[in-house]
Amino acid sequence: MKQKVVSLGETMLRMSPLGSTRLDQTNNCETVFGGSEANVAVALATYGINSVYVTKLPDNAFGQAALNTLRQHGVETSRIIRGGERIGMYLLEGGYTPCSNICTYDRKHSAIADADPAEFDWHEIFRDAAWFHFSGITPALSPSTLQICEDACRTAHEMGLIISCDVNYRSKLWTMDAAAKAMQKLCRLVNVLIVNEEEAKVLGIDVTNERLTDHAAFTDMCTCLRETYPAAVIGSVARINLATAVKGMLCVDGQIYESETYTLHIKDPIGAGDAFSAALIYGLLNNEPAHSLVNIATAACAIKHCIKGDFNLVSMDEIRGFAAKAGADAVKR
Amino acid sequence: MKQKVVSLGETMLRMSPLGSTRLDQTNNCETVFGGSEANVAVALATYGINSVYVTKLPDNAFGQAALNTLRQHGVETSRIIRGGERIGMYLLEGGYTPCSNICTYDRKHSAIADADPAEFDWHEIFRDAAWFHFSGITPALSPSTLQICEDACRTAHEMGLIISCDVNYRSKLWTMDAAAKAMQKLCRLVNVLIVNEEEAKVLGIDVTNERLTDHAAFTDMCTCLRETYPAAVIGSVARINLATAVKGMLCVDGQIYESETYTLHIKDPIGAGDAFSAALIYGLLNNEPAHSLVNIATAACAIKHCIKGDFNLVSMDEIRGFAAKAGADAVKR
Amino acid sequence: MKQKVVSLGETMLRMSPLGSTRLDQTNNCETVFGGSEANVAVALATYGINSVYVTKLPDNAFGQAALNTLRQHGVETSRIIRGGERIGMYLLEGGYTPCSNICTYDRKHSAIADADPAEFDWHEIFRDAAWFHFSGITPALSPSTLQICEDACRTAHEMGLIISCDVNYRSKLWTMDAAAKAMQKLCRLVNVLIVNEEEAKVLGIDVTNERLTDHAAFTDMCTCLRETYPAAVIGSVARINLATAVKGMLCVDGQIYESETYTLHIKDPIGAGDAFSAALIYGLLNNEPAHSLVNIATAACAIKHCIKGDFNLVSMDEIRGFAAKAGADAVKR
Amino acid sequence: MKQKVVSLGETMLRMSPLGSTRLDQTNNCETVFGGSEANVAVALATYGINSVYVTKLPDNAFGQAALNTLRQHGVETSRIIRGGERIGMYLLEGGYTPCSNICTYDRKHSAIADADPAEFDWHEIFRDAAWFHFSGITPALSPSTLQICEDACRTAHEMGLIISCDVNYRSKLWTMDAAAKAMQKLCRLVNVLIVNEEEAKVLGIDVTNERLTDHAAFTDMCTCLRETYPAAVIGSVARINLATAVKGMLCVDGQIYESETYTLHIKDPIGAGDAFSAALIYGLLNNEPAHSLVNIATAACAIKHCIKGDFNLVSMDEIRGFAAKAGADAVKR
Amino acid sequence: MKQKVVSLGETMLRMSPLGSTRLDQTNNCETVFGGSEANVAVALATYGINSVYVTKLPDNAFGQAALNTLRQHGVETSRIIRGGERIGMYLLEGGYTPCSNICTYDRKHSAIADADPAEFDWHEIFRDAAWFHFSGITPALSPSTLQICEDACRTAHEMGLIISCDVNYRSKLWTMDAAAKAMQKLCRLVNVLIVNEEEAKVLGIDVTNERLTDHAAFTDMCTCLRETYPAAVIGSVARINLATAVKGMLCVDGQIYESETYTLHIKDPIGAGDAFSAALIYGLLNNEPAHSLVNIATAACAIKHCIKGDFNLVSMDEIRGFAAKAGADAVKR
Amino acid sequence: MKQKVVSLGETMLRMSPLGSTRLDQTNNCETVFGGSEANVAVALATYGINSVYVTKLPDNAFGQAALNTLRQHGVETSRIIRGGERIGMYLLEGGYTPCSNICTYDRKHSAIADADPAEFDWHEIFRDAAWFHFSGITPALSPSTLQICEDACRTAHEMGLIISCDVNYRSKLWTMDAAAKAMQKLCRLVNVLIVNEEEAKVLGIDVTNERLTDHAAFTDMCTCLRETYPAAVIGSVARINLATAVKGMLCVDGQIYESETYTLHIKDPIGAGDAFSAALIYGLLNNEPAHSLVNIATAACAIKHCIKGDFNLVSMDEIRGFAAKAGADAVKR
C-alpha cells in the first residue's frame, strides 16, 4: 500500500486568552493553528507518513503563518491554494471543567468556506496517494465545501483510495437534518468511520443512551451501521471515569476490539479525537493487528490530552511506549 | 457649552505578536482594542469629559470585551448597539523603523460595517450633547457607514452641535476618488478639521511637497480650505527630525499658531493623531487660548508615542506638565 | 422590588507570583484587584443588576486602576471616595493543595481602613436602592470601618433595604471575641445570612463537628440562628469529596433546601463564596424559587473555581446552563 | 552534634518549554538550576542548617548564575570550584501524566563530570562538618566523579562525619551492573540510606514486586540491607493512590516507622525525593523522634510536588504545620 | 586599607507594569528589589568587595525575598534586622522619554522608616570595616532614619572609616529646607561627596544654571563645597547630548578630572547614579589613579542604563573593557 | 542558471534571557535557532529559492526542533544528517549598546563539529545545484569541519557551482593565524566574497584603518584581493553614523558600486550580515543589475536589525519596497 495520505479541511487560528482567563481579563492570547483534519495530517507526518494537506488559505500573514506551522511539522503543503478573504478564527476560553471550553467562532467568509470547487484538481492531488481523510466539519462549512467533499470522495473512490471520515458533528455549524442529509450520502463511500453516540444519529442510527465504551452498545451500533454503510472499520473513543481515563472501541470486519483503559491528564483536550483517527490510519496503513490498533489509537488519544495546542506532537515510539506501559500497569496493580 | 461629546467609529481587536515579532515567530499575541474615534473617546473620558461612544459590536465575547475596555476607561457605552456578525480585527507586526508597522486588516463584515443606518437614532443620541466627532475611516468602511456618517452630521448640524473630523485617509479602505467624493460632502458641515498634506488632497486642495509643519505651507493650505469649507479651526500634526520630535500647527479663525517642538520616544505610534484630536477638542470645549491649545494638543500627541496600545492613558495634568517642561527645555538648552 | 444593590468593602491589589511560584522565585507577579464585596458587586453587575460599590481608594495610580477594573465590569463607581494613604495589598503564593494558598497581608493603613465614617452619606448612597450587602471582613479592618458598617446597616434598615451579610470570619484580622461582639450586633439587622460552621461560632452558635453540608447539622444551625437573629434566609456552601465538588444549603423561612452536588476544577478558589452570595442575592431579587436558588448559587460557586482572579466573570445564562447540565448528569450516570 | 552539612553533586541548568509545551512549540523556556544534592543543600539552608555545597562550575555566565541561585537560598558556596568546560543541562518537557516528564540530557563534558579528583581537598572541606550527603547520580557521571565520591566518603568516614546517600539510580547514566559495582562499595560507608524498590536491586537486594509502601516489603528489604550494609537509618518514600498521595517508611535501628498518608497536588514532581532526604537529615541532626521524623520527611516530599522548580522552598514551620494538619485530617474524616 | 564596606539604606519592592505599560493596562508587573544604597552594595559585592548592607526588613515573604536577592548577588546580609510592619514599595510606570518615569511611592510605615535607632549597634557593625556609605534618601525617610544616619556617621567617623554620601535629594520625601538642615550637618563628616547641581543647593551652594558637566561650573561648585565641607573627593555625573551620553567629573584634593564621554542606550535608568558611586568607592579603595577613576565610574554609570532592574550586574572587567573601548572610539572616529 | 542553493553550517540553539536581562536575573530565556549559513538558507527560501541546508543535528528533541524551524521557513532539510552528541548552544545577553551583546558559547562537541567528513556525499548533495554557500565560522569549528568545507568547495568547484563565502572571522573560535591558513586556501575557490576590514586581514590584505564604507578604502581592498583570489564579486556592509544607518559596497568585475545609506532601528542585530549575503546571492542568481544589487542587499541588512531572532523573515517585495522608499527619502529630504 502506498503511504501517501491526503487530508482536506479548514485550518483556523485559535486564540486562547493566556493563563486560562477570559478575553476580558487579559491583553494576551495564545495564538496557534489547528483544525480537525490538519491535526490528523500533522500527526501522520510526525509518524513518518507522507502526509499531504489540502485547504485554501488567504495570501496574507495569517495564511502564511498557518502554512508554515504545517510545514514545520513535516506536512506537505504544496497543494494548499492561496487566496480568498480571510482565515477562520475561534476564541477558546477556559471552561468550568478541564474538558469543557467556551468556544466563540469567527470562521464565516474563510478562504476555504468560500472556495470554488473548481479550484481543486482531485485527480492531480490524489496521484500516488493511498488514502483520503476528512471529517464532518468540512462539509458543514458551506455548500461549496460540501461540494468539494463530494468531489474529493467520488474521485478518491474512483482512484481506489481508502477513505476515512470522522463524523465530527458540530451543532454550531449545521442542523442535525442538514448533517444527516450530507453525511449519509458521503459516508456511503467511506471505508473507515469514526463515530460517537451522537454522531451515530447523524448517520441515521438510533443508539441507546449507553456510551459507546459499553461493549454491547458499540456492537449494536456497528451492526446497524454495517447494514447501511460499507465501512470495514468503525472506531470510537470516549472519556470515562469522570474524564480521568479514555477508552476506545474498534470494529474490524464485524469483529469488536476493546482497548485498555488509559488514564489521562487534561491540559488541552482539543484534538484528542483527531489523535485517535491519525493513529488508526497509521496502524491500518501499516497492517497493525486490530487489538494493537485499538490500543495505540486510544493511547494516542490519551496522550493528546496533555499536549498543548491542537497537534499531538509525539512520535509513534512514544505512543507505543505509553500504550505498553499502561497495559502493564493494568496487569500489575 | 455643554461638555458631552459623542464619537462614532469602529472599535477593532488589534493583535500584535509579542515582543515585536512576526506572527510566524510566536504563539502569543498582545490583544487590545482600539480605533481612531474610540481613542478620542477614551482620551476625552480620561480628561473628565462626558464622552459617549457610538458603534455596533457583536453580541459575543469579542464585542463584550471591547465594550468593557471602553467602560474601564470611563467612556459612556450605553449607546453601543449589540449585534451583527463579527468584530473587525487587524494584525499589527513590528516594522523596520519605530514608526512604521506592517498592518494586515481583517475587518470586512464587521458589525459596524454591516450596520443598518436605521439602527442609530441620532436625535436621541445627541440629546444634551455639545460636540460630535468622527474620522474619515468610518465613512470608508461601507456604503452603510457612509450613510450613518451623513445622517449623524446632518442631525448634529441641525441640533447645533460642533462637528470635528479627522480626515484620516486610508488607501487600504477606499480610493482617493471615493474618499474625495464622500469627504468633501461631509466636511461642508465640519467646524473643526484635522488634516495632513495627503489628506488635503482628499479635500481637493493641491498643496506643495512641503510638510505642513512648514509655516508657509500650512498657511497656504488653510487659506485654500477656508475658501471652500466652513471650518473655523484647522489643525495638523506631524513627526519631524527623523521622527524624534513632533510639531503641531493650528489655524483659528484664519490666525496661525505653531506649537513648540516636542521630542518623543516611540514605543507605540498608533493613536498619536487621535491624541492630538482629543486634546484639541478638550481645549476648545474649555476655551483654552489658541497658543496653549496647539501646545497641549501637540504635547498629547508626543506623549502618546510612548504609551502602549491605542489609548493615550494620561491625564490633562500630565499633558500640561509635559507641555510646560518641554517649552522650558526649549528655552534653556 | 427595585434592583439597585449597594455593596461596601475593601478592594485590594492582589499580587500572585507568576506560574504558581513563590515571590522568591520570580520577577513577575500577576496583579489583579479584588475583595469579598467587590467580587459580589462585579458578579451582580455581570448579571445585569444595577450594582453600586462603596469604598475609599487612594487618589493615585493604584486607586485609579482598582476603580477602572470595577468600572470595566459594569459596577457603578461614582460613590467611591478618593483619598487616604494607600490601597491594601496582599501576596498570594501557591499552596500545597489546589485550594490552599499562602497569604501575606499588607493592608494596614489602607484608605478604607483609615476612612472617616462621616465621609459616607448613607441616606444619599441608599437612595433608590433595594439591597445592602457587606461581609464580616469590612468591620474587622478597623474601628472606623466597624462604625461605617454600623452606620450603613442602621440606615439601610431604616430605609427598608434588604441587608445581606457573609459572616466571612478572618482570624488574621481580629479575634473570635472581637468578631463575636461586632458581628452579633450587626447581624441583628441582617435579612440574608451566609455562614459556615466556624462562622456560626462567631454568631454564638455552637455547632457540632459535622460539616454544614450535612442536612441535620445545617438544620440545627438554622434553628439556633433563627432563635436569635431575624434572617429570613440562611445560606451555606462548602467543598466536599476531597475538594472535587461543592454543595450548598439554604434555609428559607425555616424550610431547608439542598443543592445538587456540582463537580469543580480548581484554578483559583478565591471568591468562590462571594460567587455563591452574589447568585443568591440575584435570585432573591428575582424571586427565584428556593430549590432553584440553591442550585444556581452553588453552581455559581462551582464555576468560580475555574475562573482566574477574584471575579466570577460569567453570565447568569452560563450559570443556569451549568446548573441544569450537572443536574442532568446526576440523573443520567 | 555540629550542624554543618556538606553535599556534593552536579548543578544543572534545567530548561522547560513554557506552559508545559514541547521545545518545538515555543520560543520560551523556563531556565532554573537544580540537581539532587543541590536540592538537598538548598532545603537544609532554608531550614537554618549551615549547608555547604561542593561542585565544580564553569567560570562563565552559566556557572555564575547557578552559584548565585544557591547563594540566594542561603547555601555556603565558597567551596565550589570554578573552571572546566560547561555546565550540564537538561530539557524537561511536559509528560503525559502529571508525574511523568520527557527528559533530554545534555550533561556530558560538564565541569564536575570532567573535574580532577585532586581539585577537592576533603580534609579542608569537612573541617567542622557533621554530615556528608551525596546521591547515586554523582558517581554515575564519570570515572572522575566516582573517584571523587570515594575520596569524599573515605575522608568523611575517617573524620567521623555521618554519611547519607540517596541511591537515586539513573539508567540513562550507567548500567545496573556498573551502578551495583560502584554503589555497593560506596554504601559500605553510608550511615543513612534512602532507597526505593528498584534501587534496592542496585544494592544487591532482590525485593518482591510489592511497593515499599507495603510494611512487610519494606521490613524485608531493611532486614536484607542491614545484613550487608552498616546503615542505621533506611528511608523510602513513594507516590500512592494514582499519584494523589505520598507515603514514607523509615527503619531506625531495625525498628519500622510508617508515615501518615499525605495527599498531594502535582505542579512539579522534580526534587520530591530530595525534599524527603533533606527533611530526614534535618530531623536526624535535631534528634527528632523517629515517628515524627518519618512524618516531616514525607510531608516535605508531599509539599514539594506543588512548588515549581527543583527546590523545596518552604520552612520547617510550614512543613510541621502541613504534617500536623494532614494527620488531624486523617483522624477527622 | 581594609576592603569591607558597609552601606545603610532602604530596600524597596519595585513594581513595573510589564511591557512599559501603565498599571491600568496590564495584569502583570515586574517585581524586583532595589534602593540607592542596596544598589551600591550589590555593585561592590559584584566587584569582589566585602560588601555589608544594613537595613530593617519585615519578617515575611516580602522581606525574605528582598534579603535573598541581596544574598544572591553576594552581599553580606547578616546585619539586616528583621521585623517591623512592611516593606516599602513603589510603582514605576513607563515615562514619556526613555529617562523619565512615573513613580508612585507606597513606602510609608516601612520597617526601616519605623525602626528604632537603638536596634543598630554601629560599633559592632563597623568592626573591621573600612568604609561607610549612605545616600540622602535614608535620612529623608523619617526622624528615626535621620537619627540612625547621624549615629552611623558619628560612629564611623570615630572609628576612622571613610564616609561617602550621595546627596540624592528627593522632593517627594522632604522639603529643600528640611534636607538642607539635615544634610549640611551630616556632610560635615563625609569624605567622599556625590552631588549634582540641584543637590549642591541642599548643601547651601548656589551654583549657576550651567550643568556640572561644564568644567568651570564644576570647579566653582567644588571650590565652594571645599570651603565648608571636609570632603577630599567630590564626584558628579550627568546625562548629556539629549540623554544619549553620560559624562562624569571628579575633584580630588582640589584637582579636577573629567571623564570621556560615554554613549549610552537607555533600557532602565534607575540606579545609574548608584553605579557611579559604587565604581568610585571601588576605585578609591584600590588606589586607582584619579583620571582612571573618573572614567570607570562614568563608564559604570553608562553601562547601567542598559541593565534592567536597579542593580548594575557587571564585573569590573566589563567596566574597564567598556571604558577603554569608548576612549579608543573617541580617538578613532 | 539553476536556482538551487546549498548552504553548509552549524545551527545553534540561542538562549536570550527574557526582557534583555542577564541570565542571573530571570528564570526565562527566549530559545530560538540560528547560525550564519542557516540564516542565509532561510532568507533564500523566503525569497522563493530552492534552498537546501546541510548540517548534522543530534537525534533528540533539540535537533528535531532545530530541523523543524528550518522546515517551517521552507528550507529543504532532507540532507541534514542526524546523530552525534549534542547541538551547539550560546547564551546571548543584552549589551551596553543596541548593537553589542555579551555572548557565551557552549558549542563544543556539537554534532556538526564532531561529524565525520565521510558522512557527506557532496556529489549527491550538489546534484542539480547552482550555488554553494558557507561562512568562515564553519571551518573554524574543528579539523573535521575544515575538512568538510574543503571537500564541499572542491566538489562544488568541480561540478561548476558558484561558491560564495562570508569570511566571518570569529576570534573566539580560532586564531588569526589558523584562520588565515584555512581561509586563504578555501577562498581560492570562492566566486563571491563577503568581507569586512578585519576579515581582509584573514585573507592577507593589509587594509588601512578606514572603514570599508569609504570608497577609496574599499577600492584598495578589492584591488588587492583580486590580485590573489578569483572572486568576481566582492561585497561588504557596515553600520555607520553611530549605528543608526547601514551602508554596503560591491565590487563586480572590478567595478565599484555604493549603496544608498539606509537608516535602521536595532531590535536584534544578529544575522544582519547574513541578510546581506542572502540578498546578494538572490540578486546574482536573478541577474539583478549591480547598482540595484548593492541596494537590495544593504536594505535587507538594514531591515534585519528590526526583526527578532536570527532570521530575516521578510519577502523580497518588502525589501525592494524599503530599498526604493529609502532611496526616495534620500532624494526628497
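Which chain is which? They are A, B, C, D, E and F, in the order written, and residues in each are numbered from 1.
One rule holds for everything that comes next: a residue touches a chain if its C-beta (ideal position, glycine included) is under 8 Å from a C-beta of that chain, and two chains touch if they have at least 3 such contacts.
If you're wondering where the values come from, they're calculated on a predicted model, not measured in any experiment.
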item: Shortest path length from subunit A to subunit F (each step joins two touching chains); value: 1
item: Intersection of the contact lists for subunit B and subunit D; value: A, C, E, F
item: Identity of the chain that, by mean CA position, is farthest from subunit E; value: A
item: Numbering shared by both copies at the subunit B-subunit A contact, with half separating same from different; value: same
item: Chain at maximum distance from subunit B, centres defined as averaged CA atoms; value: D
item: Chain pair with more C-beta contacts, B-F versus D-F; value: D-F
item: Repeat of the A-F interface, chosen from B-D, D-E or C-D (over half of contact pairs identical by residue number); value: D-E
item: Centre distance in Å when subunit B and subunit C are each reduced to the mean of their C-alpha atoms; value: 42
item: Between subunit C and subunit F, centroid-to-centroid distance (C-alpha), Å; value: 62
item: Contacts with two or more other chains, residues of subunit C listed in rising order; value: 22, 24-27, 30, 68, 72-73, 102, 309
item: Category of the chain touch graph - line, ring, star, complete, other; value: complete
item: Footprint of subunit B on subunit A - complex, ascending; value: 15, 17-18, 22-24, 26-32, 60-62, 64-65, 68, 85-87, 89, 91, 93, 102, 104, 106, 108-109, 309
item: Residue ranges of subunit A touching subunit F (in the complex, touch as defined); value: 68-69, 71-74
item: In the complex with subunit C, residue positions of subunit A that touch it; value: 19-22, 24-25, 94-98, 102, 209, 242
item: Complex contact set, residues of subunit D against subunit C; value: 30, 72-73, 263-265, 267, 302-303, 306-309, 313, 318, 322, 332
item: Touching residues (chain side subunit C, partner subunit F) in the complex; value: 25-27
